[in-house]
Structures are given as C-alpha cells and as structure tokens.
C-alpha cells in the first residue's frame, strides 16, 4: 500500500466532489495499492481554504498554487479552478513531475490543450480529465453493450444537456459563483461547460466526429459583473446546437442551453444501431433504457434497466449495497479516482487522458468557429 | 352476410359505447358474416331516446323494454340500464329467444345471476357480459403470455381501480347520472362497479379465487338524493379492499375507491410468476409492462411494450393503423362485439358469458359478506 | 342539416382514416349543420375500390379521378393519393368548385403549392390540409396554453419524428405500399413525410421559421423497385436534421429518420419559455407534460396531464367518455373534419389551409436546398 | 466540537452503511458539534472484523460485544447484528450508559421491545432505530407537505415492499448471508424485514394503525440450512399482506414479498387526501410524485418532483451538489446520523426512538397474529 499525496487546487463545487471521491476510494475499493492522502488544499483566500481543509481533512493549506506544485510531499495535483488557469498549473505541475487530475474542459482552446498534452507526455506523468459521466454505471454499461457489437451499424447519435439557471437576467457574471458566464475566465459558455460532456461521451461511445455545423445564441446580452457592479456585455454562448457526421458514418445532433425551463441537469444521449438502441438521462442516472430488436416480436419494448445489480453484473455496483438501491452523482468521481489508481498499478493510461480531452476541445473549437462562420467545419 | 338486428335498452354512457362498437364492426372487421343493424333504441323518456336514435342512427325507438324484447325484428338485446333492471330484462329476452349483451355487473346479487344464467342456458341464446377490458389489446396480450406458460408458477396478483369523483360531499345520489351511488339501484358501490372489472380480469388471467377477507368503507355517510332533494343515508361502499388466495395457490390483493385524489380511472393489475412478471394500467392502456428473468442479466429490465404493432403481432391491432399509433378505450367494446359475432359463426360461447360473470358476482358477494362479518369467506 | 357529399380519392391508410372520421362526425359532434355523406370512392383498381366502398359504405365508385371531380353530386373532394398527384387533382377540383381536403404534404414542391393555393383562392372553395396532429387534444391544449401567454418569451423549440421501418435493406421502393421511398412519387423522404408534421405543428405553436441549416442522409443507397424488380438508386432522404431560428428569436432543432431502432412513431415536441415549458409525444398522445416555474419551489415538477377530462376542460374531450379514458390516433382526423364543418357554418377558413400548408412546404424546400448546399438558407 | 466515539457491533451490509454515514457526517454537515469517531468494531470472527476495521478506519476491534459495551472509551453503540441479539446488547449498552443506534426491527417481538424501551428510558440514554427511509429527502418532503395540511382529510394509504431474491428454492437459510430466512434469528420474514419499513413510514406520515387483518404465506416450505447442510422447514413468512384502519379513519393496504419477479427493492407508498395526493418509490428515490387538486383544472396532473434543489428548498439537499444531481440510498443513513447529533445538541429525541419503533413492532406482531388466527386484530 502506497500513499498517494494529493494537492487540491480549488475548493468549490468540484473541489468538494473530487475530495469526497478521494476520501472514499479506500472504503469502497479496498483492493487498490494506492491510498490517496489529502495532503494540501490550495486557494487564494486563506480563510476559505482553511475552512475547507478543516471540513474535509486536508493536512495543510497553500494560497499560491505555484508553491503547491513545487512541494516535494505532493504526488498528484488536482486542478479544480476556472478554465483560464488550467494550462499554467498543468504545465508547472508536469514540469515538477506531478501526476495531474484536471477538471474539464481541458483548456480555453485547442492551442492551450496541445501545450498541455505535450507537457504531460514529455514529463511522462499520469494524467486524466474529469469527464466523470463515463463512470456512471449505466453509462459504462452502455459502453459495454456497444463494444459487444450488439447494436450493429450505427445510424444516429443524439445528446443534449439542458439547464435553466440563467433565465433570469439578474444572474450576474464573474466572481466565484458565476465565472462560467464570463468569457475571459470560462473561454465559452454552454459549449465548454455542458456540450463538452456530451461530446466526450459521444466520442467514447461512437468514435470521432468528422465535421459539423453549429449555431449559438446569447439570449441575455448584458449582465452585471460581480467585480464592477456594472452591466457588461455577455461574451459566452447561452445556447448551442450542432449537427454532425461521425467518422463511422452516423449522424449526430447535439444541443445545450441554460434556458430550458424545468430542466436542471438534463444530460441525455441516445444511440440507434441497426439491431438495438440505447438511451440514458442524467436525471435518472441509475437507469439505462435499452431496446433490442431481437426480442420476440410481440414482447419487444424499451427495457428500463435499473443498473443496481451487484455481483459483477453491473459496472462498479459490486462495491456498494444490495440490488435495487441507487448510488448517486458523486460516485462517478469515486469510480474515476479508483480507475486512475488501478491504471497506475498497471502502468496504463486512465481515460480520458489529456490527449483524449484535447479531441473534445477541438470539437468545441470547431463548434464555435462554425457558429461564427455559419458554415460546416471539419474537425482538426 | 346476415343482418343481426340490435335492440339497445338504455342510452347513457354505455349505450353510446356499445352503439359505437356495433356501428364500426363492419368497417374494421369486414370478414365477419354478421352485420349488426341498429334496429331499435329503448328508453323511458321518449324525447331523449328519439334524440339518441337520431344521433346514432337507430331505425326505431321504444319506451317500454318489454315491447322491445318481444319484437320479431330484434335478434339481440343489449342491456345498458342500471343493475337492478338486468335480471327482469334478461329473463324476458331469453324467453323471447333473443341473444343478450348485458352490461356488467351481471346482476344485483348471485341469486339473480343464477336465475339469469339458468334462463339463457335453458333458452340456448348466445350471451355475453361487457367486461370489455379483456379486449384491450395489451390485456389480451397479457393473457396470451400467461397462456404460453412463460410466467411459470404464479405467486402474486394485485389489482386496483382508483377514481376520485366522489370526494366532494356535494355529489348527489340517485337519478340518471349518479344512480351508482344509490344502493337500491346499483346493488353495491365500488365493489360491483369497479372491483368487478378487476375480478373478471383476475379470474380470466389467474383462475378462480378460493377465499378472501375484505374491508369496506363509506366515507360520506349522507348524500342528497336527486329525486327527493333531501339528504339520505348512503348505502353503497365508497371504498373496498380485499386480500385473497387463488385456487392456484397465489396471493391476491385488490383495492377500489372513488376517493383517490388524482386518479380518474386507474385500473391496474400486476402478476408475478417465477420466471416473469406483467403489469398494466388503464390510464396508458396501449402499453404492457413485461419483465423476463431469462433476459441476459445485466440487460434485464421492465419492458414497456407499445402494443400497437400490426401484422398479427399484437391482438386486434392488424385491423387498425400503422405501428406506433394508439387506439383508445372505445375499441375494447368493438373487439368484444366482433368476437361475439365470430363466436356466433363458430357456434361457440363468447366469453365472458353470463356463467362466467356469475363467478365474478359470487366473488363480489363474498366481499360484501366478508366486510360485514369481518371474517375470511370462501367463495361458494 | 345539409348533406355534404364526399368524393374520396385513394383508399389506402389515409383513405381509411379520413373515411372513418367522416362517418363518425355525426355521432360525436351531433350539433353540426353539415352531415358528411360518403358519395363516391375513387381508385385505379376497380376491384379494390369496390371492396373499399363496400367495407366503408360509399354509395358509388370511380376509377378515374377526373370523372369524380366533375360529378355534380360531389361537394367535396378528399385527396388521399401519393404526393405527385395532389396538384393536378386539386386544380381540377377547384376549377369544378369543389371543397378540398388534401393529405399532407400539400405538394411536391413550393411551385406546385403556389399553383394550388392560387387555384383554391381564386375558386373560393373551402380547403384544408390533413396535418391532423394539431387536433390531438393534448396538442390543442398546448396551443391554448401558449396562446394564454403562460410561457412568456420563448427560447427553444425542439421536435423530432423517429421511425425504424426502413432499417432492413429488403424494404423495396415504389408501388402502393412503399411509394414513400420513391422520389418521383413522394418528392422527398422523411422531410415531406415526417418533418412536415413537425414543422406544421411548430409554426402553429411558435410562429414562422426565419432560416435554417439542414443535413440529410440516405443510408441505403439502392432498393429494389416494386415495378421493375431491379435494384435502383434511392432518391429520397432517409434521415434529416435541421437547426433553425424562428422569427420570434427562439432556436429550433428538428430531426427525422426511419432508422431509429425501437421507435415506431416517436413524434415529439418541446417548447421552453421563460416561465413554463411543454412537451408532448405521439406514442403517449393522451398526455401533455407541463412545467410551470410559478409552482411553489419545493413542489415544482413536470406535470403529466392526462388529457381526458370532460366537461369542457380539455379540447374535444367533452364529446367522448368519462375522465381517465383515452381516445386514439384516429380521433385527430375526426376533430379536423368536425372543425372543417364548423368553419363552413361560420364561413371561416379551417386551418391549416392550403396557404398555411404552403409555408410548411417552403420550409421543407429550404431544408433540402440547405442540405444540398451545406449552407444556411432563408425561408422564402 | 466533541468527539463521539462509536462502537460498531456487526460488519455486514448495515455495518458498512452506518459506518459510511458516520465517516461522512463531518464533511457534509460541518456545523455539528459532535464528531463521530470510529473507535471500535466488533464481530465474532477476529479476521473478518480486523479486515473491516482496516477498510473503514476503526481504531480497534473486539470479538465479544459484552466487552465492547463496557469500554469506557465508547460513547455510543451501534447494533448491526441479527434481530435475536438486539435485546441483550441494547440492555447491556443502556446499563453501561451508552447511547444506542439500533438496526431495525427493534426486536424479535413486542415483549423484547418493551424491555428495551424501559432500559433506555430508565438509563436516559439517547437512542434511535435505523428506519432510514424517513430521511430520504423525497420522503421527508412528503412529511413536510402532509404536516402543512395540504392534503386535508386522508382517505387512503397504501404501501408495499417487493423483492424477488427468494424465488429460487436453492437460496439457503441461516448463516451470515441468509439469516433473514431463519425464523429463530430473524423473528419473522418479510414482516419484520420489509413491512416494518412500510409501517414505520406509514405511522410517521399518517398516524397510528388501529386494527388490521393480515395474510401470510411461505411459498418454499423447506430450505437447506447453511449450518447443517440439510433441508429444514422454513419458519418465516415469504409474503405478507394486510388491510388496516388508521386512527384517523383512513384505510390502509400493505404488501410485502420476496417473490415479485422483477422487483429488487420496490418500496412504495401513496397517500390520498381530499385535496392532494403523494406517492413515492424507492427505486427512483430522488423523485416525489404529487397531485394537487387546486391546480388549474385543465393543467392538473401528477407532478414528478426531482428532489434535488438546493438552497433550502428540499430537505438535506443544501448539503450536496447542484440542482438536478441525485444522491443515493446511503445518504439516508447520513441524514439520520446528522439528525441524531443535532438532536443531541438540543437535548431532544431523535425519531424514531426505541419507543417509536416499539409501535411498529406491535403492528408487526398484530400482523402475525392476525394471519395465524385469520381474524381482525387490534393493535396493542
């Protein structure tokens, strides 16, 4: 058993989610050889980071990430700060030989992403990006079914991620709570924040996207900035849709928005093959819908698979409770952490790596360019 | 092609539903040898029955059912009047050699039912009782699955019929619209009106009920009577539940009420066998839920079968539209009428016959007796 | 009461659906002043059309539609033949002063459509196109809610129509059963057949579409032609998606295919406003999903409205049964026929008129052009 | 901040669930004054308990529970062993002044339960029984709605708990994994194991049960005993249903079984009041269904409330993630632990206490007696 000392940079929503994952891995995945140790938490506000460290049990705090990434007692860095800081931290961490966990999206744009990939690959450090939804058991099960070949030729892939928290024009931009609405900090709006999840899952399940045509919109043109207290133009995309063709010949359709009244986190995907179809929905993440054309004709129907069976039947579920009992959103991070440690033992990459996430970044970039140019755009 | 001249007694909700069925059979079931002809409609109010006859195309009217059942130009009588009149009409119709369609429940009590069974059997006239839900395609499909043996040994059967239209104490009793709340006319409340459907389906799908323990309640003790304008005691059961054992050893649980806020016609059943389970719900009558334990483990789930496939795959559905398109409540009557005519061609009974419906009547009677005596009661 | 003598041209799926509607209107909508009379059915095969006429009760038959439209004893013509014949029949019918019911899509292309609109408007004959889904009660209810202003500013509209009957390459093209796969007869594939429904509903609910970007695909490149028995290139689109902007500033996303394994007729729409959202699905056509942000916070949720309440609460439902009991697909035609007769009484148009349907045709045309040119296209 | 040192007796499914809860309370409920400390784990097998202690971080182990309850460094005992051991441990723990967490059901029978209640009340030690489902946020929300008076007079309560893991006759009885099938160890079958949950929730939501009529069945009469390797009679109830009357005049209907193919943990309840209804289902535990008759007529429908809103809107959910993201089964234990600590601060009881759980035990006892005597039975 080897300690793996984590330095966590950022203590917001994602900082909490990742920390919770690290803490619980040894309880639910007892066979792993590495034990995460909460060595240091880092944030600009000393008071806040101390409170966070106390709540979650970090052994020390830092207020300067540069110091953190240089500490000898840190084995891995977890980047949970806004997108515009990912690159610099990742480069410094790689240079210091730290393993890196990075929140998604990888970077502000593909150019940054390429630098980051080059850095971790040159440094030879283990790296992964927290596209956590791959490890929701129902999504992993979808991947298993697809890999088994049950679906046959794929015709269609559709996915969306719908929220509604930006409908009010009173929501501001900037600051710790709403930096996602500030283009200088987030890079893009729903494209990098939400569609990036849809795209990562799509590429994983259905392969690369060849080309696409996109449309974006900013419904609320100005929002008060938290820092200035003044109304300022909104630079991010409030909504984004795109059509695409995958390399395997199937058609894709994607949409994301923060203006879909009634949807808080409706991340869905559906894939239609010649023999079978699959669909999934984050708001009922423990279920997978499956239709198999080979079922006897009169008894064919969409199956609602409650992905809670233990004993090896359903991905990850042998670690938990008894059949019928759900786990939640947070467990997807736990699974990614556990898989990272297992990959480390086997000296294998833990997907999605920075390189995998770069492809998603390139699709996001193509989306924004296509929307701006109102034309079809090839990836790369 | 032979005309089969119908005399319809009653022109309320059921009179309309049956008439609609008779009119449409030749369009949707063109291969049948008998053509129903709307020969006469009968009702006490001459104005009302004339209006009904005009709207639906009856060739003549009567205001006295005794005259109707004696007319030579009537081949079949359809009894759509309140329960307390079923017996007298059925006996007279049988005596006159008429075929008989009778609304459910068969009678006010088993004694009446036995007289009616004896009368039709002695007269040798074709007879059927409108337990129409057997012919909802999804329910018929359930029967087919059960008959195929897929379920194996049966452990459980549960069914309910929930409505909410009696919550207001301002709903009166008696009269054409609310005779179901008057015990002298209806015989019982939810037991004969709603549970009778549950029981007919249950016996059809799962065999006879051996014994039971029941509970009834009348929540609103007095209601204004339509005739007197005065508050009078309510004699019917507002709600009724019972537990039972079927002859095949399985356990049953049934409930009905008119006080379940939010449910208009929630007639459901579920049957659990050792290998598979089935459930159904009238409020989505075109779907059948099916779970098969033999499906591959990780892909097991309740299937939602959209019972709309044509080409012989789903019962009755080859008569209608294209896959995916629903039919409605009214078609169940159409199917029973068509099956009646087909049975006639083959000189076979059309189930449920009066004799079949007598068994349901006996169960209803046992329910009321059990509730009154607060003890387990054997059927017969 | 005035007879309105119908001449039905075509006796396939739609011929049956329309005929059924005409026959039932007097029973369920007894207050109308016009009574449809099934005067003549017309089809090229004399045997087939005679059989159809016998089954449904047409008084006479024709094998040449030109004769039918010239008959003095015909008041209205119903065009239920493949798309390529719509224009000629409509022009002749208008010239002969007949009212016209026309199956959708209106025409093969906008040029034909414009001729048809000009013809009926010049002749001053009542006209309507069977975009029947507007009259599914749940869809009409959606319209009522939107018209009430409950939704506020609209942000998003999405709709699809998914089927799976073309996955097998053994499905042929041409002939009475599969003319929809032959481009010379159908004009287009899923665009005119399925998306046209989505578009008609969208324009009705959300106003005109300003511009769009589309993508089409033909997955199976060759299919045997029924006439020749030889494999021939497939000219129609198997699948089509498009993004659009509505005139009201909202974003639209549409998709249709016949290759979505597990979906038979999954026509859905969803509309997101600033205060409320609505969604609907043809496979459960009796339900409307509704989310209202003004509901008390902790009790907010998508409501599943069972659109079966009578007494004027739900559109059209006062004509049928009791609360909780579904009607089906076929009733949408019944409602359009009844509304046509009512409009006639009031000397008003029955929407969608030919002119309304022309707009949908223009959108379809823009879709095909956009897909071919891979560029954004304005409507008109 | 005060340490509260826990001694955990038992390390099976429940031992893990409770331990997980204690570990996480300080992370998610940081404001509490007590910090649970995993002081000792106790089990008969030294190897097993050491492995458990290592996996979860217990500071020490014991193999004799009598030693554990006497240790000075233990503040609270958690009883997670089979039912037959609850009483002796609880009595000893109370005598030693320990606070007690006890797995449900409280005891083997009411007599034992009364002794236990007397012991904790005499000793004045804080006590609670792990009827954890009260603290699923959706269930707590149901309680809040009911307490607000929204439902008005209650007419009906129905609940079931359906599983299917005992269908195979090859499932043995006795031993650590299947002691629930051995009557000497479990006291009863589904009644104490599953119905007890239904009853605890029912009493909490709807008040006391006055009287009942029950039915039990043992479908598989003999099972191999793990210890002897021999087939032995099965003494527990495989299935149990009962009807009841609540003290508030409403009617209840309950069912539980382990023979409902397709259901792993289908714990549901529904409550119908004169103004509104509520229903819930453990297999989608993050949703609450709610119907409010006061919603505008045409827009009435069952609401599916996704109980994941933060900011104080939904019980407990402000402690977790962002709206739309589910928590799971395990969190219900976390909430009960946090509530226990909060009650401790306030010197209040944490419900359900031993006394609360005794009432459930009395209902279970009445069920078994009613089933045996086939008669209605009063509670107490």
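Each chain gets a letter, A, B, C and D, in the order it is written, and its residues are counted from 1.
Here is the rule we go by: a residue touches a chain if its C-beta (ideal position, glycine included) is under 8 Å from a C-beta of that chain, and two chains touch if they have at least 3 such contacts.
As the structure is a computational prediction, the values presented were derived from the model and not from experiment.
With contact taken as defined at the outset, chain B and chain D are each touched by A, C.
Bringing chain A onto chain C by least-squares fit of CA atoms involves turning it by 180°, to the nearest 5. Looking at A-B and B-C side by side, the one with more C-beta contacts is B-C. Centroid analysis (C-alpha atoms only) places D farthest from chain C.
Rounded to whole angstrom, the centroid-to-centroid distance between chain A and chain C, based on C-alpha atoms, equals 42 Å. Work out the mean CA point of chain B and of chain C, and you get 36 Å between them.
Between the Cα centres of chain A and chain B there is a gap of 55 Å.
Residues of chain B in contact with two or more other chains: 263, 287, 302, 306, 309. Only residues 141, 144-145, 287-288, 290, 292, 295, 297-306, 309, 313-314 of chain D touch chain C when the two sit together in their complex. Taken in their complex, chain C has these residues touching chain B: 13, 17, 20, 23-24, 26-27, 30, 54-57, 163, 165, 263-266, 282-287, 306, 308-309, 320-331.
By the touch rule above, chain B contacts chain D in their complex via residues 155-156, 158, 164, 167, 213-215, 217, 219, 239, 241-243, 245, 251, 253, 255, 257, 259-263, 272-277, 291, 293, 302, 374-376.
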